[in-house]
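Order as written gives the chain letters A, B, C, D and E; numbering starts at 1 within each chain.
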Amino acid sequence: MEQEKRVVVEFKDVVKQFEDDLVVLDHLNMKFYDGETHVLCGRSGAGKSTLIRCINYLESINAGEILVEGEAVTKKRARAIRKKCGMVFQSFNLFPHMTILENALLGPMKSLNKQKAEIIEKVESYFHKVGLAEKMRALPGELSGGQKQRAAIVRALAMEPDLILFDEPTSALDPEMIGEVLNVMKQLSDEGRTMLVVTHEMGFAREAADKISFMDAGKIVATKTPVDFFHDPGHESVERFLKQIL
Amino acid sequence: MADIITIVKFLSTGVIALIEVIPASVAISLVLGIIIGILGYLQIPIIRYIVSAYIIAMRGLPPLTLLLLVFFSGSFVSPIVTAIVVLSVYHGAYIAEIVRAGISAIPKGQHEGADSIGLSVIAKMVHVIMPQVWLSIIPSLVGQYIILIKDTTLISAIGVMELLNNARQIMQVVYRPITVYVIVAVFFFVICFFLENLSKHLERRIKAKTIL
Amino acid sequence: MNFNLYVLIEWWPKILSAFGTTLFYFVVCSCVAVLFAILISMLLALRLKGLTCFLRAYIAVFRNTPLLVQLFLLFYGLPFIGIRMPAFFCGLIGVALNEGAFISEIIRGYIEALPRGDWEAGESLGLSRFSVIRYAILPQALRDSVPAVTGQISIIIKDTSLFSMIMISELTRTANSIYTRTFDTSGFIISAVLYLFIFFLLTLLSKQIERRYKVKR
Amino acid sequence: ASKTAATGSSAMAAGGTQDAMDQIFADGKLVVATELGTPPFAYKDPKTGEIDGLAIELARMFADELGVELEIRTFEWAGIIPSLLTGQVDMLTTCLTRTTARAGKMIFIEPFVAVPAHALVRKGTFHSLSELNNPDVVLTTTTGGIYEELAEKLFPNAQIKTNGTNADNAVALQTMRADAYLNDKLQLVASMEMYKDQFELIPEPIAWDSLAFATRFDSPKLANSANMFMRLIKMDGKYAEIFKKWMGYDYVPTFEVGS
Amino acid sequence: MEQEKRVVVEFKDVVKQFEDDLVVLDHLNMKFYDGETHVLCGRSGAGKSTLIRCINYLESINAGEILVEGEAVTKKRARAIRKKCGMVFQSFNLFPHMTILENALLGPMKSLNKQKAEIIEKVESYFHKVGLAEKMRALPGELSGGQKQRAAIVRALAMEPDLILFDEPTSALDPEMIGEVLNVMKQLSDEGRTMLVVTHEMGFAREAADKISFMDAGKIVATKTPVDFFHDPGHESVERFLKQIL
């Protein structure tokens, strides 16, 4: 079954290092498939954020190749790829001078050159879906962390991306708000969106993920289904990690 | 007293020249400063060297030298146009630095947020970055314009009949340098002191707002 | 704009001596202005009511009026009330008062940015307010302010060009003089290059001082 | 009316069609440069704020004669000649001394007045020119004027300074910033009157100058009519009238005036 | 026995309030005795720092009287009193542009007007005592937090104070450094120095304190010996505090 799914992102022997000779991605190979929710976990500093940021060229790589829908990620193609990949950040990164509706409309209008009229309904429906229908005209500064993050998810959705990248979307949130964001993400996962999620929320991983990968020192150590991952991690470093976190 | 009225009347014609020079220089230097400031931030390969050469030159050269150089080498330009061009280009460099610093102070996440929705560099600057920069740079801009206003006294050296030049002319008639120059000083003091306090006030307002 | 080497060849003794004058005036004016500014910021930090009012008024006046007008007042105005200083002293005092006001504001900013704990630590050692400023506060503020103060000193280079307007034969005046004899802008171009040369020297020096005296916290 | 000029002597190719004169008629405007602060030739009236004086009135008459408007632009001394050479104006109508060196850069019109140049000193300080040639003596004159160079020749031992305006020079003399102020006699007499009894002239002149309007080599037609204009008004008595009005005494067509 | 000890600091009905009508010391009465180590604890905001800072006039009081060795603390006498009271701050407040030796010499030389020669040996011996003999010529920026705080203690000692005030000296430190500072303080306590210590380190209080006071809402609620304090707090608010902290 799985083999028939289309590959959306492929890492081929990717090496990424920072100026100070710190190798963060170490000849990494990986495939992410269409329609799957893929959770990436690992210790702090393992390189998870870097991996995810290389996909839409927020970071450039030093060797190897990343293919998004078959096409290599290069500086030149960065904008084209970003139009296809939504991204949700730990710190939201909403534009504070615009209402969250304007935040969500900016990408489609200025990047995909759509008219406001053609997209407004769709975008409003997304705000309904994440429970922010009432708040569309609010500025980010007037919202709670959980509301901000849900608005940021709408901003990503508004681009109608083929793939959404989440970099620890809940770790800047107060505990009571984590649930509301994870619910929205769970919903998206159930709809069959392609999602790549870096998170420490193992509850979410267990319920929503199609696959879970464990990353350590710039390599993917294991990729498993949730059931296997939690019951038969197979790898000693994964076991240690799970013991610590659960 | 009658003397002072005569002096003030005589000097006041110089204000007309200032009304021509100051608003034009403020506007042009702002536009120039924004463009150069953004270019400076973007660090585009060859352009970055041109931008930094321009900024170093303006930071290192006296405006008086620039005024004389441009005035004496330019054909077909009146002193007033020379004054506007030189003041704009000179202060444009300082404003570019203010703008660049303002952009750099915007958190990296804002750039990444804009990049991640596929905005072009120009769209990012226009819709996301610059609207956030404005507020924070207003106090520094006002500070720079205070300097610009005071620098208008230099244009008397190329014969623009502004306040200071009028003051030097009237010395032909009333030999009262102290009275005359104090009047000129008071004129500038009133304007600049007002602007300085305005800028401090704005700075406090802006700080209070960002803390909220 | 044109440049002819013959101007340089024919006029170099004058250019050289003018450059020397400019460099000398720049160095003297910078030193005096900085020392004066340190004194002012120290007096301000003492927070003596009357003195503070007086100094704030002085700073407001000199920051908000043009240097050229200040120079004219010193040069042409003061003799009318019986004070006649040589042109150079007029220039020096004008620049020291003017830039002193700017630089002392810079230093004051850095003094205010220091943590309150530094004051309290000094006070809890039983030091007088003056000693706290002298030994604990000012040395830190001065080191922190090196980049900003050198930025302001680079403006003193430019200020010396105004000396041409009070009968001093410095670089700008000499370039002007060359022009009125030859109708050739080379003199201005040479003077521009020399100003930039001083600016570069200053920048290098400032980097050295900054590196050497940077406060690690 | 001053759009076509090239700089300095490169405008020699002026024999042909494009004369500044054509442009003047096309625009209906004659643009002239003057330095203020040279009463009674050109100055700003402190009461009215209007620019007036002998040279200005002559310029106005000349423009009337041509049937065009007169536009007056003002410059500091140092900017006067450049304003002509760089084509900002068509003509200089200011107290410009004719020199052979300058004649290589521009066309001089018939002089409108001839004056001796003198040294002005504070009363009782110096009595002869030779006393000025001394290292302790500070001579001042106008920036960009001809007397700077002349002073260097005549008084090689003295310190020579300059100031942007005549007023600055007079103040400099009064405040002992300078010991002698070199200029043409009319300027010096004007300064002397302002300062009541404080100054005096050293009787011996340092040079003889004739003051004239000037135009560029690309404007021979303009030069020609200006010359003609000067000759005509000197003949028909209009010049004498204006001269009397501004100088306060009768015009005598001899070389020296102002004595 | 205790009644015979000399009173070093006495609070008489002291009231301190900040501009916004917040009463921080509320008719507080208290005595601190010579040779004793007196620990002051209490919830955040109780007014402990304020109490300690009023003693050497870093804060002024609104009513009542504070006597240090029998003399009232006033603006005029502030400097004289500060020469007798050393103070150690939570954030060290060493002067970053001087070596720690210069830091320690500054007070004696510029405040007590001593010659460097008369004091240098003594000061160096203090550095030996706190284990910083090697580091005397280092700048504060080159030291760890624990080293900085020990240097700050030497700076206070160098003034040969009658009384040393400590305001949470260990709470800005990483756990591994707390011990080294507390050891030094314990040593000073054992030497019989008069110390007034605000701290949350109950281990230190138990071992080193002669008395422990508990402060709540601007009042001293209880003053006991360590044994009594921990076993028979007597006061309900103290009990709650101890339950939380231990």
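To be clear about the criterion, a contact is a pair of C-beta atoms (placed from the backbone, for glycine too) under 8 Å apart; a residue touches a chain by one contact, two chains touch by 3 or more.
The UniProt protein names, listed by chain, are A, E = ABC transporter related protein; B, C = Polar amino acid ABC transporter, inner membrane subunit.
Given the structure is predicted, the values throughout are model-derived calculations rather than measurements.
Q: Remove subunit B from the picture; does the complex fall into separate groups, and which?
A: A | C, D, E
Q: What is the shortest path, in steps, from subunit A to subunit C when you may only step between chains that touch?
A: Contact-graph shortest path, subunit A to subunit C, evaluates to 2.
Q: Counting one step for each move to a touching chain, how far apart are subunit B and subunit D?
A: 1
Q: Have a look and report which chain pair racks up the highest count of C-beta pairs in contact.
A: After counting contacts between each pair of chains, the winner is B-C.
Q: Mind checking the rotation angle between the two copies, subunit A and subunit E? C-alpha superposition, nearest 5 degrees is fine.
A: 175
Q: Based only on mean CA positions, could you tell me how far subunit C sits from subunit D in angstrom?
A: 39
Q: Mind checking the centre-to-centre distance between subunit A and subunit B? Centres are C-alpha means, answer in whole Å.
A: 46
Q: Using the average of all C-alpha atoms in each chain as its centre, how far is it in Å between subunit B and subunit E?
A: 54
Q: Out of subunit D, which residues touch more than one other chain, so two or more?
A: Correct list: 82, 164, 168, 171, 174.
Q: Give the residues of subunit C that touch two or more other chains, as numbers and ranges in rising order.
A: 76, 80, 165, 176, 179
Q: Listing for subunit E: what residues touch at least two other chains?
A: There are none in subunit E.
Q: Taking all chains into account, which pairs touch?
A: Here the touching chain pairs work out to A-B, B-C, B-D, C-D, C-E.
Q: Where on subunit B is subunit D touching in the complex?
A: Those in contact with subunit D are residues 6, 9-10, 13, 71-72, 74-79, 156-159, 161, 165-166, 168-175, 177.
Q: Flag every residue of subunit B that touches subunit C in the complex, lowest number first.
A: 56-57, 59-66, 68-69, 72-73, 146, 150-154, 156-157, 164, 167-168, 171, 176-178, 181-182, 184-185, 188-189, 192-193, 196
Q: Considering only the defined contacts, which subunit A positions touch subunit B in the complex?
A: Residues 56, 58, 78-80, 82-83, 85-87, 89, 91-97, 106-107, 110-112, 141, 155-156, 159.
Q: State the interface residues of subunit B toward subunit A in the complex, per the touch definition above.
A: Listed in rising order, the residues are 107, 109-110, 112-120, 123, 127-128, 131-132, 212.
Q: Under the definition above, what is the set of subunit C residues touching subunit B in their complex?
A: Per the touch definition, subunit C meets subunit B at residues 1-2, 60-61, 63-70, 72-73, 76-77, 80-81, 154, 157-162, 164-165, 171-172, 175-176, 179, 185, 188-189, 191-192, 195-196, 198-200.
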